[in-house]
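Both of the next two complexes hold chain A, though its partner changes from chain B to chain C.
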Partner chain A sequence: MLQYTFRRVLYAIPIALAVSLVCFLLVHIAPGDPIDAILPPDASAETVAMVRKDYGLDKPLPIQFGLWLMHVVQGDFGRSIANRRLVSEELVSAAGKTFILASSAAGLGFVIGCVLGGLAAAFRGTWVDRLAVGFAVGGVSVPHYWLGMVLVIIFSVLLGWLPSIGAGPGDWAWNWAHIRHLILPAVTLSVIPAGLVTRTVRGVVVEILSQDFMTTLKGKGLNRARVMLHVVKNAAPSALAVMGLQLGYLMGGSILVETVFAWPGTGMMLNQAIFQRDIPMLQGATLVLAMIFVALNLIVDLIQTALDPRMRRT
Partner chain B sequence: MPDTLVKARQLKVRFVQNGSAINAVNGVDFDLNAGEVLCILGESGSGKSVTLRALMRLNPPSKTVMSGTLEVGGRDIIAATEDELETLRGPFVSMIFQEPMTALDPVFTIGHQISEAIVRHEGLSRRDAKLRAIELLEMVQVPSAKRRLSAYPHELSGGLRQRAMIAIALSCRPKLLLADEPTTALDASVQIQILTLLREIQQEMGMGMIFVTHDLGVAGEIADRIAVMYAGRFVEEGPVVEMMTAPLHPYSRGLLGATVREGSRGTRLTTIPGAPPDLRDLPDGCAFAPRCSEAQSPCLAALPDLRTPEPGRAARCIHVESRP
Partner chain C sequence: MTHASTVTAKLAIPRTAAPPRASYWREVGKKLLRDKVTMACLGVLALMALVIVFAPLIAPYDPLQGSMARRLRPPGTPGHILGTDELGRDMLTRLMYGGRLSWFVGLTPVVVAALVGGALGITAGYAGGRLNMLIMRTTDVFYAFPSVLLAVAISGALGPGIGNAIVAMTMVFIPMMIRISETVTTSTRNLDYVEAARSTGASALTVVRIHVLPNVLGPIFVYATTLVSVSMILASGLSFIGLGVKPPEPEWGLMLNTLRTAIYTQPLLATLPGLCIFMTSICFNMASDGLRAAMDVKS
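Then we have the complex of A and B:
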């Protein structure tokens, strides 16, 4: 088990390399020049050349990539081209904000999904089932930004209950002043994982309920609650796998939702970095997010293995 | 007068779904006393497993319709509430299934699956239940029982898995053990071990047992009485020796003739022509008549009633003479 974990951590190294290389190339293939974003359009040719040299953008691409990599290995992600701030600091703050949003949305989606999926499976073929499946399809299909705006119109504009933008004053804290900012974006973001988890849980639980061992359990005279325990432990690996992947996607920060709600997370940061051709920022953010994704996958795998002995690896 | 564990009268089980109904069990009568082993013999789809499950009301509740009289341990099973059934399942009646791989929960240890019923019904602590689970595994002759407690079903061989299944069924010392083809999924060499074990335990604990199988050899090995089932009815019932040597019903004779057994060397095996009837649309008369070489017109007109040529034997065939 320990050996397996270690091997999986080692696999992260080539993944990290590939991700940064692809991202680096994509930024350079795309049209547009970072210098244009920071200098006024009428800057002289000498100024442009000077700034370009300053940022190391005059060197050939492989060398640029190599230099960047060398610094990253030493923990130095460089400074943002756009605002000269340390990429690492920006990243930590944005990722922290996104983590709050993503984990709230994921948690909410997971709970809703498990409840609806479980109910749908238990009452298969009835109106409960159809309602839950309808919600799941709707949740997966509805455009995020549209739902976000509708929620803003209802709860911020019409009712005036909740703020529509930002993450609250100053640093994050778990108090009402901040949580009220979290509610609308978290609900908006939770809809997709809720839909996916509903469908997964429904499918898995229906299958478990049709298994022979359910008859054995009933035949032992176990009551509903104890039979439920068996259903939950059997369904958990699949539900967690879906949830883990979703949390990974959410950590990338939903660009649209974070933009609609002006939530200062990785999504909004990436959005700005792309428009400004802020290469160090983009590179750093993608690398960190890819690593978070790999780590989440590993955690999900380990939990799954702990729950389902048949997956045990050596 | 021995305890009557099961009393079934005109027991019928129908599966109703989307407007169509399958008549799986069509009027079964029998009694089972403590310490007695009844073997229900029949081919696939004859309703033997459904009958067995009906005794614990384990058929899918949403589409099963039961009628007639069915008493298990003096309790009316058809009218019982779920709570009443829960107290009956385990301490009074329990079941062993055909396929131990799928009948055991793959994500719980054997120890957990044995002890959870003990905890539930006898209120023992987890630790005491574990000790009892070890005893049970030793009783069903699982080697190094203590170590196997923490094993998962997929880590055991088929034979050991079935032994674990038996240990689960025996965990609350039931008075009635139901076995649904428990040896069918096993190797021939393991089959006989399991059968012997079941017979020993049954005698030791004085349990009543109903054993469902399609294998005549298995039935002869374990049964006191045999009931032959066809199209949801008992067509013949009687003590094992008489049944095996001089079957009354043409279908029983057909089954015997199609089986390799002692004394069949040199004689040709026969087959029963045709196929079992459609359970959605049963004939009015004897369900076996269309395949029967001795069928006459009364066979098709009405269902033959049960005739008893001698005490303890009965058959549903017009060729059998009832003697008072």
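Then we have the complex of A and C:
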């Protein structure tokens, strides 16, 4: 296991490097001179010359990449063009907000998915099954930005129960004043993992129930709860893996929901960066979110292998 | 290779392991016809496609011409069955025309990615060795990005516009198509009769054309259809956040965005474009599930 862990971590390094390269190239696929993408249009000639030298923009691309990577590894993503603040500072607070949203959504989706998937498998072929499968298809097919709008209309506009925008006053805290802001976006975002987990859990549990050892367990007189324990133990690795990966997808893909609910996370940051042509901000946010995704993939893989050594990938 | 080797290769196929024949497709067709849900979804999609294609002929108004005096009328208004939008343009007309761009931006990346990614994946799977390494490791890099983030980052860097949105989404789907194509090709490549064909001296191109393609195109096609639903949501999503289609062009995602201000006054009206996206995406999703079942392709 230790050797396996070591190998997986080692393999993640070239991936992380290549991911940085793609993020680095974002500046270069943006139309125009990269210097215009890094600096505001009213920057003085000295600043332009300084940054050009600092980032080696007069040097060949591979060297530029190296220099940029040195800055990034030290946590220096440059300054935002729009408000001249450090990208890294903005990123830390935004990533925290997005993590709160994404992890709540993933957790909620996981619980809903396990319950629905389990019920669907246990009552296979009945209306319960059909309802759960229908929910799963709906969950992955619904444009969640639209679902968010519908929820706002119902719970904010018509009923007036929950706020429709923002993340509450000041810094985040786990109290009602803040949590009420979280409910609608988290529910909106949770339909995707809920649908996927339902599908996975249903499939896995149906397969487990059909295996010979289930007959043995029932035959030796175990009660239902004990049999269930065996089912859960066998289904857990797949369900957890789906949820872990979904957390990564949600962190990177929350831009639409954050736009709907004006949730001040990385998605909103990306949105603003795009419209202010704030490339350092876009680059920094993309890189950090992608790195979180790489790390989550690695963690999920390691946990999954620890729980079920048969999953081991070489 | 010469024509003779093709003949030899054909002779070398054991009858039992032959690639899908016409009877297989007849069987798939029969299964599909019996599947009521899939047929209903295909029916809805066909109807939508017809409306979209013939929008200029059947739409009651001009999609770009509005009247400020008739802004934000609710659905059911005489003369405007589905009401009017924030600039007084007929909603039904806008939705009909809107489907054109939504479908175009949603479908194009999947088609292009299926062709490019399919070709690269089959090449990687059949060639194996270093070429496989090169293609698959590059694919891994793109897999290291959450798909929505990659699409947003690329189209964000390129700037708003339909073309840029399509390019960005195609970049997201190509690695997915490569991976699935490589997997099915690799497993086909090691089948006995393909091995046999190769050992008779048939050229790589011949073996791929006659033995590999008929086996892999089905799964690749089914996988591509599963991407359509995701692609539709993403395409309209990009326009929703202002990347992609620019106003005043009608497009469902963009319309949904501009109508957000109307949720307090006309909540039902504001949700209509999203309902269109939802209907399209769920029909594609269920039709693709039905197709997968009928073609007996494992996910």
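Rule of thumb we're sticking to: the second predicted complex is superposed on the first by the 269 of 314 C-alpha atoms of A that agree within 3 Å, B and C clash if a C-alpha of one lies under 4 Å from a C-alpha of the other, contacts with A are read in each partner's own complex, and residues count from 1 in each chain.
Simple rule for what comes next: contacts are C-beta pairs under 8 Å (C-beta built on N, C-alpha and C of every residue); 3 or more make two chains touch, one makes a residue touch a chain.
Predicted model, so just to flag it, every value in this text is computed and none were measured.
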item	value
Partner touching more residues of chain A, whether chain B or chain C	C
Which of chain B and chain C A:234 touches, first, second, both or neither	first
Which superposed partner A:211 touches (first chain B, second chain C, both, neither)	first
Contacts of A:60 with chain B and chain C, given as first, second, both or neither	neither
Contacts of A:41 with chain B and chain C, given as first, second, both or neither	neither
Which superposed partner A:221 touches (first chain B, second chain C, both, neither)	first
Chain B and chain C contact sites that coincide on chain A, given as residue numbers	none
Chain C - residues contacting chain A, complex	140-142, 144-149, 152-154, 156-159, 229, 233, 236-237, 240-243, 253, 256, 260, 263-264, 267, 270-271, 273-275, 277-278, 281-282, 284-286, 289
Touching residues on chain A, where the partner in the complex is chain B	211-213, 215-223, 226, 230, 233-234, 307-310
Chain C partner contacts - residues on chain A that touch it in the complex	15-16, 18-19, 21-23, 26-27, 29-31, 137-138, 140-147, 149-150, 152-153, 157-158, 248-249, 251-253, 255-256, 259-260, 270-271, 273-275, 277, 279, 282, 286, 289-290, 293-294, 297
Residues of chain B that touch chain A when the two form their complex	53, 56, 58, 85-91, 94-95, 97, 99, 102-108, 116-117, 120-121, 152, 154-155, 165, 168, 171-172
